[in-house]
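Notes follow the structure.
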Amino acid sequence: MIDKTVPDTARAVAGIADGSTVLVGGFGRAGQPVELIDALIAQGARDLTIVSNNAGNGDVGLAALLAKGRVRKMICSFPRQHDSWVFDRLYRAGEVELELVPQGNLAERIRAAGAGIGAFYSPTGVGTQLAEGKETRTIDGRDYVLEHPIRADVALVSALAGDRWGNLVYRETARNFGPVMATAATTTVVQVDRIVPLGSLDPEAVATPGIFVDRVVAVGERRWLDAGAFVGGVDVDGNPLAATAADAPEGAHR
Amino acid sequence: MIDKTVPDTARAVAGIADGSTVLVGGFGRAGQPVELIDALIAQGARDLTIVSNNAGNGDVGLAALLAKGRVRKMICSFPRQHDSWVFDRLYRAGEVELELVPQGNLAERIRAAGAGIGAFYSPTGVGTQLAEGKETRTIDGRDYVLEHPIRADVALVSALAGDRWGNLVYRETARNFGPVMATAATTTVVQVDRIVPLGSLDPEAVATPGIFVDRVVAVGERRWLDAGAFVGGVDVDGNPLAATAADAPEGAHR
Amino acid sequence: MTTRISRDALAARIAADIPEGSYVNLGIGAPTLVANFLPADQEIILHTENGLLGMGPAPAADAVDPDLINAGKQAVTALEGAAYFHHADSFGMMRGGHLDVCVLGAFQVSQHGDLANWSTGAPGAIPAVGGAMDLAIGARSVYVMTDLLTRTGEPKIVAACTYPLTGVRCVTRVYTDHAVLDVTPDGLAVRETFGDTTVAWLAEVTGLTLLDATGTDASEVA
Amino acid sequence: MTTRISRDALAARIAADIPEGSYVNLGIGAPTLVANFLPADQEIILHTENGLLGMGPAPAADAVDPDLINAGKQAVTALEGAAYFHHADSFGMMRGGHLDVCVLGAFQVSQHGDLANWSTGAPGAIPAVGGAMDLAIGARSVYVMTDLLTRTGEPKIVAACTYPLTGVRCVTRVYTDHAVLDVTPDGLAVRETFGDTTVAWLAEVTGLTLLDATGTDASEVA
C-alpha cells in the first residue's frame, strides 16, 4: 500500500539538509505552509536558499525562519511589504542575499524545472534591471529574455486536503504557487488541513496529482489564520490594513 | 451581460477564413469536436492548416474534413493509425502536407503560444530526425532543442459542460489537448454536451477559465460516441480493436 | 496650477473606458478604486494575478476569508462564474495577452510609453517588483493612473524615465488628474483635458512636444 | 537457437522489477501485458500520457466509456485515487522526470542505449511518433521489451541503430526473450540469461562485446 502520510510535522521535514534550496508556497500568508516552517525551524537546517513570492509577514512562518538566521538567500518577487520588518532588517544588515525575480518569471521558472524545460524566452523584464546580464533574443519581432529553471531540494506546500497517494486540492487563492512548486523539488512535503480517504477527491478537480508529492501531514485547522489582524495587505494609500504598522513605501506594487 | 453561448454549431464556426490555422482538440476520438468539424465542413473554409494529435479516425470528424479536401497541411504527432485511411490516401497522393511533432512538444508548443513564451528548450527529440534543422543547446550538461510556439486563428474544442462566461469542465481523458488549445487561438470555439447556469461549475474544478473562450455551443449527447465500434485502438499485436480493419504497421507507438 | 480632478473622479473616468465583457486587472493602490465605478448593470471580469478570475468586492468585516485575497493581499470575494488557478497559469494568462486591460500606478511614464513603477532606485531601498513587469507587457491595453506631477511638482510624464524601468514601450494610455494622453507612434497625444487645463500648459509643464488629439484634428503643439 | 521465454513470461519478468509505489507508463503493444503481472496486493500507479494517473484495467464490454481511454486508444478504467490532467501537464510529468519507469517496444537498441522504435524509414511509410520520444527521454528508468531477433533473424540489439532514432542514450535496460541486458557506461552488460542462453551466444548473435554481469563479477567476454 502506498501511504505518503506522516504522523506529524517533525517527520514531514526530517532530513532537510543544511544548504538546501527550499520552495515555500504562499502569497502573503494565503497558502503559506506555516506549520511546516515552524517544524523546519525546530529541525534546525540552516544556510538555506528560500524561493517564495514574499519574504515573510509579521513574525510568523517564513519571517520566523528568517529571524532565526537560517536563510542565506531569498529568491522572490516581492520581499518588501509593510510587515516584512524581519527581512528588511536582515537585508539592510547584509545578512541575507536577495535575488529579485518578476512574479510571472518566478512561477514559470519553477514550472520549467518541474516540466523538464531547459530554459525559455520570456517577454517579461526585457529592457529592465532584472534582465541585466541575461541573454536576449528577438523572435517574430518581439524581444525576449532567456530564463532558466528554478529547481529545489525540497518544496513546502500548504493545501486544503490530500489523500494517502498525495493527491491534493487547494482552497481559493491559497492555491497560488502550490501546484507548480510541488513539481519542482526532489522532495515535496505538503501540509493539509485534513487527510481524506483515497477515492474521496474528485479526479477532475485534483490540482496536484500525487506523483509530485512525497509526504503529506495533516495540521488541522490553521489556527494562526484567526490569530489576529489580517496581515500583509495595504489600503489604497499604501497604509497597512493591520494595526501592526510599518510604513509602506509609496508606489509599492504587490 | 456576457453571453458567449451561440444557438447552433453553424454560428459557432461562422467567419473561419480560408487559409486559417485551426487547433482541433481530441486524442483519437476522445475529446474530438466532431459536431464543430461537421459544421466547419458545411461552412466551407478551405486551405486549412490543422493542428491535432491525430489525423482523423474512420470517416467522421477530422477524417471527413480531410476527405473533403479542405486541409492543406496537418501538424500532428500520430497521423498513422489503423483507421486513418483518409489521411493515408491523401498523404500518399501528395495532397496533404505533414509536419510531425513529438506529442509532448506539440502540447508544450501550443501552451507556449497561449502563455506568451517566445520559445523553449525541450529535451524531447534531441538527436532525432524531428530535430533536424532546429537549434540545439547544452544546458547544465543536457542537450535540448529549441521549439517555437504554435498559435492559431481558431481552436475547436470539445468539453463536457460550460457556462455563459465560457468556463469549462471536461470529462475524463477527453480533456487531453482542450485546455491548452483553448489558450492559443485568436478565436476559441467550444462544443459542450450542455450549457449550465453561471455559478453551477465548481470554481476549484474549472479546467478552462472563460477568459480563453469566445463561443460555446451545446450539442447534447454526442451520438456518434455510440454509433458503432470503438475506433482508434489496437490490440497487443497492433491489430485494430474495431472490425473496420486496416493493417497496423508493426511497432506502432500511439 | 490648473484644474485637477479628484482621484475618485479619475477612477470613474477610467472605468468609463472599459467596455462590458472586458477582462481587467487593477493594480494595487489607486487603480483598485476603478472597481468602485464599474457600472453595476454590466459584467466586467476582474483578474487578480494570485489566481482568480471573477473577483468580487470586499467582504463584510465578519466574512473575511484569509484564503481569498487579491494581489494587494486584501480580503475579497469571488463572484458566481469565478475560477481559481495556479500562479503559472495566472501569469500565462497575462503574458499570453488574454487580459484586455490593466490599470497600473506609475513613478514615471516616458513619451514613448516606457513605464517606471517598481523602484525609485533610492540607495538603501529594498527592491520589490511583484507582478508589475508581467502586467506591463501582458495586457492588450496598459492604462496608467497617476498624478501628472509629484508632490514636489516634478512631471511624471517625461522624455525618458530616470527611474528603473518596469517595461519598455508598454503603456497604451495615461490617465492623469489633469488630462488623458495616448501613447502613439508619433509621441504623446492629448486625448482629453479636464477643466481649464490646456494642451499648451501640459506641454509647458512637461517640457514635451505633445500632439493635440482633443479635437477632431490632431495637430502638433510646441 | 537457444531458449526463448514467452511474451507473457517476459512481461512477468519485467513486472517483477517494478517496486511498489512506482509510477509507470506502459507503451502500447506488448508492454501493456506487463500490467497483467503486477502483483495484485501492491499499489503501482499507471500513467497514460493522454491525461490520467491511476489507470485501471479494461472495463467490461458493456461498460466501455469512449471518453476514458489509454494511449493505445483502448477503453480503460480509473482507480480510486486517480487524477485527470491536460496534455501539457501530462507531458510535463514525463519530461520532468517524475515517472519511475516506462516500458517501450523497440525496432533497435544500440549498445549505448540509443532507441529506435518509431519509424523504419521505409519509403512510402507514413511517419508517426506520438509520445515515444517524450517517454524515451523522460522516465527515470527506460525499459525496453523486445524480441532479441527480428522475424528474419536480425539482432535488434546493435552497435548503432540504422533506423531513425527515438532517443539518444536513453535506454536503461533491455528485456528480451533470451536475456536481460543493462546499458552501462562501459557497454551492454548481460544481467540475466534465460534457460540455456549464454553470454557467449548473445555476443555471437549480436556481434557485440558484452559484459557478463550474470554472476557476482562483471567480466568482459568476446
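By letter and in written order, the chains are A, B, C and D; residue numbering begins at 1 in each of them.
Assume a contact is a pair of C-beta atoms (placed from the backbone, for glycine too) under 8 Å apart; a residue touches a chain by one contact, two chains touch by 3 or more.
Note that the coordinates shown come from a computational prediction; the quantities given were computed from them, not determined experimentally.
*Asks:* Across the interfaces B-C and B-D, which one involves more C-beta pairs in contact?
*Replies:* B-D
*Asks:* Tell me, please, which chain's centre (mean of its C-alpha atoms) is farthest from the centre of chain D?
*Replies:* C
*Asks:* Just how far, in Å, is the C-alpha centre of chain C from the one of chain B?
*Replies:* 37
*Asks:* Between chain A and chain C, what is the separation of their C-alpha centroids in Å?
*Replies:* 28
*Asks:* How many angstrom lie between the centres of chain C and chain D, each centre taken as the mean Cα position?
*Replies:* Computed value for the inter-centroid distance: 55 Å.
*Asks:* For chain D, write out the residues touching at least two other chains, lowest number first.
*Replies:* 78, 84-85, 88, 91-92, 94-95, 138
*Asks:* For chain B, give me the residues that contact two or more of the other chains.
*Replies:* 108, 111, 115-117, 122-123, 170-172, 204, 207, in rising order.
*Asks:* For this structure, enumerate the chain pairs that meet the touch criterion.
*Replies:* Contacting pairs: A-B, A-C, A-D, B-C, B-D.
*Asks:* Show me the residue ranges of chain B that touch chain D in the complex, using the header's touch definition.
*Replies:* Its residues touching chain D are 27-31, 53, 77-81, 84, 87-88, 91-92, 98, 100-108, 110-111, 122-130, 143, 170-180, 207, 225, 230-238, 241, 249, 251-254.
*Asks:* Enumerate the contact residues on chain B facing chain A in the complex.
*Replies:* Per the stated touch rule, the residues are 108, 112, 115-123, 137, 139-140, 142, 144, 148, 169-172, 202, 204-205, 207.
*Asks:* Can you check the complex and tell me which residues of chain A touch chain D?
*Replies:* Going by the criterion above, the answer is residues 1-2, 111, 113-117, 163, 165, 167, 183, 198-199, 201, 203-204, 206, 209-212.
*Asks:* Touching residues of chain D toward chain A in the complex: what are they?
*Replies:* Listed in rising order, the residues of chain D that touch chain A are 20-21, 23, 43, 45, 47, 53-54, 78, 80-85, 88, 91-99, 138.
*Asks:* Please name which positions on chain D make contact with chain B in the complex.
*Replies:* Chain D reaches chain B through residues 27-30, 32-33, 48-52, 64-75, 78, 84-88, 90-92, 94-95, 104-107, 117-120, 124-134, 137-138, 164-168.
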